[in-house]
Amino acid sequence: MRILLDHFSKSFGSVRVIDDMTLEIKDGEMLALLGPSGCGKSTTLFAICGIHKVTSGRILFGDRDVTNVSSQERNVGVVFQSYALYPHMTVRENIAFPLRIRSLPEAEIKRLVNEMAGLVHIGSLLDRRPAELSGGQQQRVALARALVRRPNVLLLDEPLANLDAKLRLEMRSEIRRIQLETGITAILVTHDQVEAMSMCDRIAIMNNGQIIQIATPQEMYRNPRTAFVAGFLGNPPIAFIDAVARDGMLAVENADIRLPIPREADRVPEGTPVVVGIRPENLGTEGDAAIRGRVSFIETQGRENLYDITLANGKVLRSIQRVRDDVSLHDEVEWRVRSDQLFLFAQNGERL
Amino acid sequence: MSASRDIVEAAAVPAGAAAASAHPPRWRAGWLNSSRGLGLILLMPALVLVVLFFLMPVVLTGVFAFTNMSTATGISGGTYQVTPGALRELADRHGMDELAEKLGQPSFVVDEQGLKALEEMGIEPAIIADLREGHLGETHASRREFERMLRDLPERPDTRTVKRISGEFSRSLANSRFSSRESLLAAAEGVDPELTEEEKTALVQATYTGWVWTADNFRRMASSRDTVRILLNTIFFVATTLIIFNTAFAMLLAITTHYIPERPAGIFRIIWFLPRISPAVIYVLLWKWFAWDTGFLSAFLDNFGIRPRNWMLDTAANAWFFVIVINGFVGASMGMVIFSSAIKAIPESLFHAASVDGAYRWQQVRHIILPQLKWPILFVTCYQTLSLLTSIEQTLLATDGGPGGATEIWSLAIYHTALNNYAGNLQYGYGAAMALVLVVIGIVLSLIYLRVFNYRALVAKPRIEL
Amino acid sequence: MTGHLKSWPFVLALSIISAPIVLMYSYLFIDTITNSPPGSFIPHEFTLEHWRFLWETRPGKPSIWRVTLNSFLFASSSCLVVLVVSSTAGYVLSRLNVPGRAFFLAGVMVLHAFPAVTLIVAIFLVLQMVGLYNSLIGVILVKAAIDMPLGIWIMKGFYDTVPWEIEMAGIADGASRFTVWRKLVLPQVKPGLFALGLFAFLLGWSEFILPQVLAPGGDVQVLSVYLAGLIADDNNFDMAMFKSVGLFYIAPVLILFLFFQKYLMNIYGGGTKG
Amino acid sequence: MTKHLLRSTVAAVALASSATYALAEDVTIRVWAGGSSPNDVYRVDAIDIAADLLEREAAVRGEELNITVEKKVDNTWDDFKQAVTLAAEAGNVPHILVTGHEDIGPWSQSGLIVPIEDYVNLDAWPINDIYENLLEVASYGGVVYGLPQDAEARPFFFWKEYMRKIGYTDADLDGLADKVQSGEYTLANVLEDAKKMVDQGVVPAGYGFYPRPNNGPDYWQFYTSFGGVMEEDGKLVLDKAAMQRFYQFFVDAVAAGVTRKNHIGTPNDQWWAEVASGKAGIWHGGTWHYARYTNQEGLKDFFGSISFSLIPAGEGGKANTLTHPLVYVLTKQDNEDEVAIAAELVKIASEPRINTLHAIKSAHLGITKQQSNIDLYSNDRWAREATERLLPHANAMPNNAEFGTYWNAMWAGLEASWTGQKTPEQAVQDLEAELKNSLGEGIVIR
């Protein structure tokens, strides 16, 4: 079901947390709300599921305006970071709870619970209590409970945050699988760009209560709208250096570095201070611009190494490359970057 | 592959969806679903109890404090009775000797008016005839004399009839009781038709038996030397118990039990909890057994040639010792638990680090434990100040304020004044005024308490906006 | 356990200061089943005569069983009322967005400071107005009201530890707030209810002043008033008998305490933590 | 006009309903007695006997009357009075109370009790045989509120053996009571003799003079002994000098080592056992002590062991004793029939024969003249001697609504000086301030 936030705002007391947000989630789509903590992504989620009231604006499920519909009637499934399983109930009772509330016949409940347990692979755990389950299993139960009543939308609030790295990897694909199999519209709230990029059809990146950019993961990575977006996506993260437009080039002060202005960038008036973003994977052996610096740190990652390069003005850039035997710590190097892979931002963070 | 296909099919079964939407959630009873509605309903039982047993009593206490309510006036209200005392007041205070004389002179007059009343009441005609023929116009000075005359009538009436008749012929107000001001004044005018307004007011005031509004209680409290003594007693009691037992001793217990193995520590904690969980009646009884003339202490010390005595009431100092110990032993356990858990919350590594540093145990206590106990100590102090101010059972049962009122503390004095004393003279008004003082202190202390403990943090806004 | 010094000096010191209590409570047992020669505290014979009160009712006094039943009714009913009131009000104060919530919560803290004795004359009058003076029901309600602020406070503490997500999940699952409370939250605070129930029962069982003043009648007398009456009566001084009645009275308290000391210590120790 | 002059509306209602009282009736009459020991059961049992008689009287008249008497006996006074007062406010006070006569003042003012003279013929048997002065004690403001339940007097006791040890001969001892009465032997002599006993090791320190260990009417006797007056012309009186001499006496006793400083608060049971077993030299008590000593405490030969007298005179006063009659009073009830029946019961319970059961069992004194013609009474040596020696010199506490306040304050002052919290002078000053404060014009201070 299509979900639409229409000029939605939310205040707590005098503090405006979400300001005039408009966001559409398409039917069957999985959308990530990505942003640092406190950016308002959870508030948005709570507003969609009805736990928070909307200060102004509308929320539509399909064509139905649910702004003033109570949470219970919205039929949304929520999976919380802590899973929020009912500790005093067995797995079966947990999953059956939403159905019991709707007074479904027992036989029907039983059938739906078993079906759902099969879907999330917990058929053998139905008579256990949550405390007897591993984190991943609890996660599956929470999903089953959220999905069993066929919600209009599935909301996932940092669902992987409490899992260890290995389980996280596994559940990432599991959640995506289940979402795809059920074809449900889903919203994933996360601060982890990897989760957002690997699981979702589209990402809405938020900061300070506003959506900065909505795009597919690829598009957003390749073409970030602001320095914030560029900085948020990518691991290891993008590095920024200050430069000034001079003679049709970008001059990095005190570092004796001159970079060409990327073609797609708007015209940059002479003397404008700008911020140049360089992703680590783009700094290496190929390219039309040279960057000189000293290797100040080498982080071994196995197949690749991450090199920190300290420029003459003390700024640090990062480069990720195949393990190179010819470079060692404290070496002076001159590496290259392609000008069309530079991101140029104005001082206020807007992409130029 | 085929398994996942099954799931897709199963998940796509429309029956579930249809069923789910056919049965909307049962939330429809609106008041059960809004914070406001549900909140008020769930709060109702508490509100009823608060109103009945806190709010109303507090208000009533405030009201009583400004009355002279006592056993003699009653609580529920008064009547007007022309007692000799009231007549004396009329004469002494208002200088209305004449009126007092007139109203108070008992007189029983056999007159037509009374005889007529008898006829109306259906008294046997023979009796009335006897009276009219033999006694019309007679005046008797006392009821007893008049009733004797009645019983000497040829047609002797029975006791009840005698009482009824004498009521009809009484022409004085002495000792009669009137339920309202109006009936009193009407009767008084029957005796003296020329009552002035001033006389009426004086009469009403002097004969009223119920309580009246007054601020005398507070004046009396302020000027009574006993107030000062009781106040000092109370301060002494609270401060000493608080400092010695509720904090220092409790801390000693918490720290020592911290440094010994868990098993004996548990046993000591149980031992020190006994005073708190024991009902006051039996707990104090045990102390009496310990301290009475025939009790353990006397018998034990007798072996060393010390004369048996009632150690608990022997001297004021002894009584204080026992009052403080009895209350203190009860109070120590609370501090012990709170301090113990605070100490337990200190990371083990801190102690290990300190051991490595070669810190002596005293230094551990001084530099690691005590700083951690700052807040718990403040908490215990605030909490126990109030508890001690208002505690009464242990002291009542142990010394009852004795000897010689040496251990009479404020709360106990309230109880004695308003509810329990040998002469049965219960002064509700004065007691309420004393109670009001405690009420005010209680409110002030708890407001301070709320401030100190960051009350706002306790009422964080609910996270569900329904 | 912590540090490097021996613990025996502490054990010894604690033993010495604990001696009076141990002594008193030991003799509470010993004296009820033995006789000692006058002036001595070493028993020389075993006897059950001090327990006569169990089958002999003293003239002018109610039967011990009647009194025990009253005590039980009093303690369990006031415990029940405290539980109901605290579990509902505590939830409201912990979770629901009602007008005046902060005010009420502050009120509860202040009420906590109100001692029964200062208000007792007025409470008596209220009871009289509602016709409950000298009845168990009246004194039960008063006792429950007096214990209620602490109960609410304790329950609020327990509710505060229940994750909000549980409630949010319940609401998203379609349950009304009432159902969420009843079916999802209440089961989470069972340990709190149990501890508070135990606590309130013991408070009721021990209460003396309230029944003494508000329900003095023989047929509603409770054990504490009965025992205090025995002790105050100067015609039957018999310490061993007092102690036997006392042991009979305190036994349930001790048993409950020994079994559930963890719960109780928590609550007696201020009780804001679950 | 006549309607306004009704002596009391209450009485009128009562009398008007007398007709219905003749029908077959089941009534429950509740009676409570305060401050009563097991020796005093006839305070309430007498009502039971009276009920039986009244039922029989009714049966003889051909009516059917079934009376159930519910009895309650309280051992203490403070709890009893608290319970009564609160029960009265709550409207469920028992019909008949047995209490100290001094409660008549406040309780009649508050309307808790009703005058018994509204219900019974004061000239009828046995009321016309009750001692006039006792009936006076049961009256307030000229109205008879209650009927005396018992009478007593409060003598000084001397343990003969110890008196002999400090030099008294048997003849001295026989004449002691007279010497006390004439004022030859005073409270000063009491201290002297008590000191001799202590000094010579006859009794332990603190046991020479061993007074009542708690508050009681007894202490007014000492005030009287030192010339104090409790009430004059219906007004309470504080005689400061007498009060101070009275306080001083106990301070002196403590200073001389004949009385313990911590004496107050000694458990009653212990005190009884001690005085009855000859642990103390001189003490004071009440006529009913005889019953306690000889029954519960097992004293075999009372007259061989103990001599008794009035309370000796002190400076400025004369020998006296105090009678503190308990009275039957009727409480105000909605059902006037029940009050009328309760009144009848109280009247019958005052029959000499019934009252004698109480008098002898509890060693109180009789209330009617005819009791001396009842063998049980006249054959009892204690009743006879105590009546002769003590009763003619007995005072009573005044019936005054404010007396309780005075009493509590007087005791507080005594307690404070006795235990050394205040000097007698200071205590009297505080007492004066306190009384001025609380009673205002209600007390004459001189």
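Chains: A, B, C and D, in written order; residue numbering restarts at 1 for each.
What we mean here is this: contacts are C-beta pairs under 8 Å (C-beta built on N, C-alpha and C of every residue); 3 or more make two chains touch, one makes a residue touch a chain.
For clarity, every value in this text was computed on a predicted model and none was experimentally measured.
A.B. asks: What is the chain whose Cα centroid lies farthest from the Cα centroid of chain A?
C.D. replies: D
A.B. asks: For the chain pairs B-C and B-D, which is connected through the larger number of C-beta pairs in contact?
C.D. replies: B-C
A.B. asks: In whole angstrom, what separates the CA-based centres of chain A and chain D?
C.D. replies: Using C-alpha averages as centres, the distance is 93 Å.
A.B. asks: Centre to centre, by mean C-alpha position, how many angstrom separate chain B and chain D?
C.D. replies: Averaging C-alpha atoms per chain gives centres 30 Å apart.
A.B. asks: Which whole number of Å gives the spacing of the CA centres of chain B and chain C?
C.D. replies: Taking the mean C-alpha position of each chain, the two centres sit 19 Å apart.
A.B. asks: Averaging over Cα atoms per chain, report the distance between chain A and chain C in Å.
C.D. replies: 55
A.B. asks: Tell me, which residues of chain C touch at least two other chains?
C.D. replies: 125, 168, 171, 174-176, 179, 213
A.B. asks: For chain B, what residues touch not just one other chain but two or more?
C.D. replies: Those would be 25-27, 33, 75, 294, 419, 461, 463-466.
A.B. asks: For chain D, what residues touch not just one other chain but two or more?
C.D. replies: 79, 82, 89, 267, 270
A.B. asks: Among the chains present, which pairs are found to touch?
C.D. replies: A-B, A-C, B-C, B-D, C-D
A.B. asks: Which residues, counting only chain D, touch chain B once they are in their complex?
C.D. replies: Touching chain B from chain D are residues 1-2, 4-12, 14-16, 18, 77-82, 84-85, 88-89, 99, 102-103, 105-107, 109-112, 115, 117-124, 140-143, 204, 214-216, 234-235, 261-262, 264-267, 270, 340, 400-405, 407-408, 411-412, 415-416, 418-421, 430, 433-434, 437-438, 441.
A.B. asks: Using the touch definition up top, name the residues of chain D that touch chain C in the complex.
C.D. replies: Going through chain D, the ones touching chain C are 37-38, 41, 71-73, 75-76, 79, 82-83, 86-87, 89-92, 267-270, 272-273, 296.
A.B. asks: If you look only at chain A, which of its residues touch chain C in the complex?
C.D. replies: Answer in residue numbers: 46, 49-51, 71-73, 75-78, 80-84, 86-88, 97-98, 101-102, 145-146, 149, 155.
A.B. asks: Within their complex, state which residues of chain C touch chain B.
C.D. replies: 1-5, 7, 10-11, 13-14, 18, 20-25, 27-28, 31, 39-41, 81, 84-86, 88-89, 91-93, 95-99, 101-102, 104-107, 109-115, 117-123, 125-126, 130, 141-142, 144-146, 148, 152, 164, 167-168, 171, 174-179, 181, 202, 205-209, 213, 223-224, 227-228, 231, 239, 242-243, 246, 249-250, 253-254, 257-258, 261, 264-266, 268-270, 273
A.B. asks: Mind pulling up the chain C residues that touch chain D in the complex?
C.D. replies: Counting only chain C, the residues touching chain D are 59-60, 124-125, 127-128, 133-134, 212-213, 216, 218, 229, 232-237.
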